[in-house]
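Worksheet: the structure to be examined is printed underneath.
All chains are identified by letter, namely A, B and C, in their written order; residue positions are counted from 1 within each chain.
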Amino acid sequence: MSHLASDLPNRTRERLRQTGVLLAVAATALLLLVGLLVLTGHAVGPALSALVRGAVGSSYAFTSATLVRMVPLGFAGLAVSLAFRAGLLNVGAEGQLLMGAAAATAMSLPLANVNPWLAIPILLLCGGLAGAGWAGVAALLRARFGVLEVISTIMLNFLALYVTGYLVRGPLQEPTRINPQSDTLPSALQLPVLLEGTRLHAGVPLLVLAAVLMWWWLSHTASGFRVRAVGASPSAAASAGGIYVPRTVMLAFLGSGLLAGLGGAVEYLGITFALYENFSPGYGYTAIAVALLARLHPLGVLASALVFGALDAGANAMQRDAGVPNVVVSVVVALLILLIVAADRLLGQSTLTRGTSGRPAESGT
Amino acid sequence: MRRFADDGHAVVLITHKLQDALSTADDITVLRRGRTVYTGAASASSTARLTEAMLGDQSTSQPLMPGEPAAGAPSRAPSAGHSNAGVVLRLENATWRDTRGVEQVRQASLVVHAGEIVGLAAVEGSGQHALLRLLAGRLVAQRGVVERPERVGFVPEDRHRDALLLDAPLFENLALRGAGTRTGRMRWATWRARTTARMQAFDVRAANGDVMARTLSGGNQQKFVLGRELDEQPDALIVENPSRGLDIRATAAVQDALREARDAGAAVLVYSSDLDEVLTLADRVYVMHAGQVVAVPSDRDAVGRAMLGVAEHHSAAHDDAGSRT
Amino acid sequence: MIAFALDMAPDAGGAFLEATVRTATPLALAALGECVSEKAGVINIGLEGSIIAGALGATVAAGLVGVGGGFAAGALSGLLVAALFALFTVGLRADQIITGTAITLFALGLTGTLYRSLFGVSGVALATPTAGVVALPGLSALPLVGRALFAQPLITYVTWLTAPLLAWWLARTHAGLGLRAIGEAPEAAVTAGIRPRRWQAAAVLFAGAMAGLAGSTLVLAQAGTFVENMSAGRGFIAIAIVVLGRWRPIPVLGAALLFGAANSLQTLFQSMGWTGVPYQLFLALPNLLTLAVLAGASGRAASPAALGKR
């Protein structure tokens, strides 16, 4: 029996393989971007340089555009990867994030004069709970009625949008009643800025903390192991592990919603300071790509969210400076998802599709 | 079918139900181990003759695996019972209905004592899978008594689907057992060490405990699963088709492991669709047919007949018109 | 309720029914296509992508070759998106749901990109030629239902004819039976000499074309313009409609009408003077109805047995 140390070649080979795949995917994505630019008649050079400048061109760009966008993408990415790890196709991070922001907005009025050290954690908690509750609707529909969570979470995304639209034109609208948005968050309740002169806020270390905690929980606790087992094979988890699959799935679903809702609250408390209809430019959907690129690993999500944050920041700069519609990048992001799915199939890996059957009624006893 | 044939068409009916064959067919052929062992007109065939052809003559059956008692050895009479060892597994008039309302297990009763291997023989579709899971605690009986100890090892038939996380390392697969009720931290260093120990004890051939379960051969996977289920010395071990998909060497190893478990005092229940395997391993034999369980002598003929639901008879020349359902 | 409406405003009921049928048309088209796809065992979550692709295709083509060409281009666009989906799910046997989600995101992004580059960054609304209403003489003058049933664009009549045609095809032709066999028991179908993957791909392409027509209808017979993300979840709602209609074309058509009614309740409420209700509730109704339908207990029992399996 060989000693543990000599298993390294096995693992590093696997890691190299994965890195190679990622590089290939990244290269393809770059090619696609260039292709799209050409197709839509934009000069590639200026567009790409605007992209790079907007993402990492200056310290301001990096801290106040890239890192700032990394936060909601990171929280949503953690949410999606938790769900996917459990074999749940939760594509509702968008709606869960929005409801988290809405809850934080709603609660910020009564808490306006409370000590920030108390108020901010409460607001964050409210956001998390709202996200978990929103996910809970889909979780319940799946558990009780076998409703495919893909469809229910997407429907709930739309519903969250409509609820937000109602709130910002009604109960939560700003006092002058002109704009469809909420009142501005008092500066006492805003997340502290970490670097003078930038928009870099405390949400970033919060994200890192959340990622580390989630990684530790998944890898080193019994309940985290259960989630991973259920995602890998619900039948083996139930039969060999004696795991009560429905409860584990429910826990993962709610946890996923909690993370997304938390992200929404952080975004509200750290950057937007107000709720409005276009609060989330598709963070929940981009988060799917974030999670897939990170191979569903929580620490990988940090890196992946950084990459996509950079892309998003660059896309905005590309639109502003080179006139390229920033929706181009979202096409590339969606294509990335397809590429990763294809790569997984062609290479025989099962990172994504393990345990995810389309029929929740089958998994679990 | 009769009308279809009368219209001038040909019908091939494949069945193990002798009465169906005798009443419907014009000609009957019996296949065993891929060869034709009997052909004849239905009118000239009898239940006894067919049964004999299906099960084969004791004297002409070939030994399948090393360690099997020589062909023609006298069949063992059912043991009178182990006076010292207690009952570990017990079913009494247990009934289990599936989600479609079909009674898979019908008022079944059996016992397994500590320190014995009890064999279960059955034709596919007799309810054996449900029965094993009732005893293993994976299913709950709607009626009747199911007695089992707290620690029961279970080796299911489909190890890829039900026993292993194929894309997880072996030490995580070891930790899978009992994961449902575990709390707190997972100390992976400990699990790794335990995995190494189990792999040595059960001769699981793999580089180390970090490899993915998928990379192991079928035999090594099965040895690993057995090792895991026996990790913590369970009072009972239930095994379903243990040699499925294994070569001769792996099969021998698995069967030896079962015997060792029995010798260490566990109550072992083995189901196999291979009649020879059941007879080789078992101290006592039960047969399951259409949801019900009967004890039979460890006699090839008797077991085979019971599997087919044919009434016991002692003379080969005697045609038994009525068969038990 | 309708009688009450008649009291308040004689035309409100008729207007409501007309709006119902009109909004139901794209839903029905997409649902009928998805019905065929699911009968063959494939859930096409990417249907939304086909709808939006059809919408853009119709927008572009109608400006060049008129309404008829617009519909054709829309169907083709939807079919192309579905072809991508089929490549992954039938060809590579990738997970149907992840692939469908990715395809939808891709199509939504791509149509947004192309629209902006073709028609301007700010997305100023452009007007396309619209499909005219074809009123059937005499019948369209019937009270209450006349306008609703007999004074609709051509595409609506096409939809109504498609439903019974599909029902007949599925139930009474060899090909239809083969398709259903693939969705119920693919192993049995293979034994009978049918090639599942070929048929599944064809079914998916058909669904894509129908969804493309649905998108075209949105632009050419309803909105008169293209708006980014105008599909608004109809692809997923169509899946719920198929469930409600128990995977049978004519009940699916009925279910689509129900959803169309939910969509049109706003006009009814407004004409009856009930203005207190926030309009978001009406927008939300089809989504809520989708959830309710999918949760309906007996829905799963009627689904094709091998639905979603690779």
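The working rule: contacts are C-beta pairs under 8 Å (C-beta built on N, C-alpha and C of every residue); 3 or more make two chains touch, one makes a residue touch a chain.
Computed from a prediction, not measured in an experiment: that's the story for all the values here.
Determine, using the mean of C-alpha atoms as each chain's centre, which chain is farthest from chain C.
B
Most contacts: which chain pair?
A-C
What is the identifier of the chain with the smallest separation between its Cα mean and the overall Cα mean?
Going by the distance between chain centres and the overall C-alpha centre, it is A.
Please tell me the distance, in whole Å, between the geometric centres of chain A and chain B computed from their C-alpha atoms.
48
Rounded to the nearest whole Å, what is the centre-to-centre distance of chain B and chain C, using the mean of the C-alpha atoms as each centre?
Centre-to-centre distance between chain B and chain C: 52 Å.
Need the CA-centroid distance for the pair chain A / chain C, whole Å please.
Centres of chain A and chain C (C-alpha means) sit 30 Å apart.
Going through chain B residue by residue, note those that touch at least 2 other chains and give them in order.
Residues: none.
Using the touch definition from the top, list the residues of chain A that touch chain C in their complex.
36, 40-41, 89, 91, 141, 144-148, 150-152, 154-156, 158-159, 162-163, 165-166, 169-170, 285, 288, 319, 323, 325, 327-328, 330-331, 333-335, 337-338, 341-342, 344-346, 352-353, 356-359, 361
Which residues of chain B touch chain A in their complex?
137-138, 154, 156, 161-168, 172, 175-186, 188, 192, 196, 199-200, 207-211, 225
Name, in rising order, each residue of chain A that touches chain B in their complex.
Per the touch definition, chain A meets chain B at residues 1-4, 6-7, 10-11, 219-226, 228-229, 232-233, 235-244, 350, 354, 365.
Considering only the defined contacts, which chain C positions touch chain A in the complex?
Result: residues 43, 45, 84, 88, 92-103, 105-110, 112-114, 116-117, 121, 228, 232-233, 236, 239-240, 278, 280-281, 283-284, 287-288, 290-291, 294-297, 300, 307-308 of chain C touch chain A.
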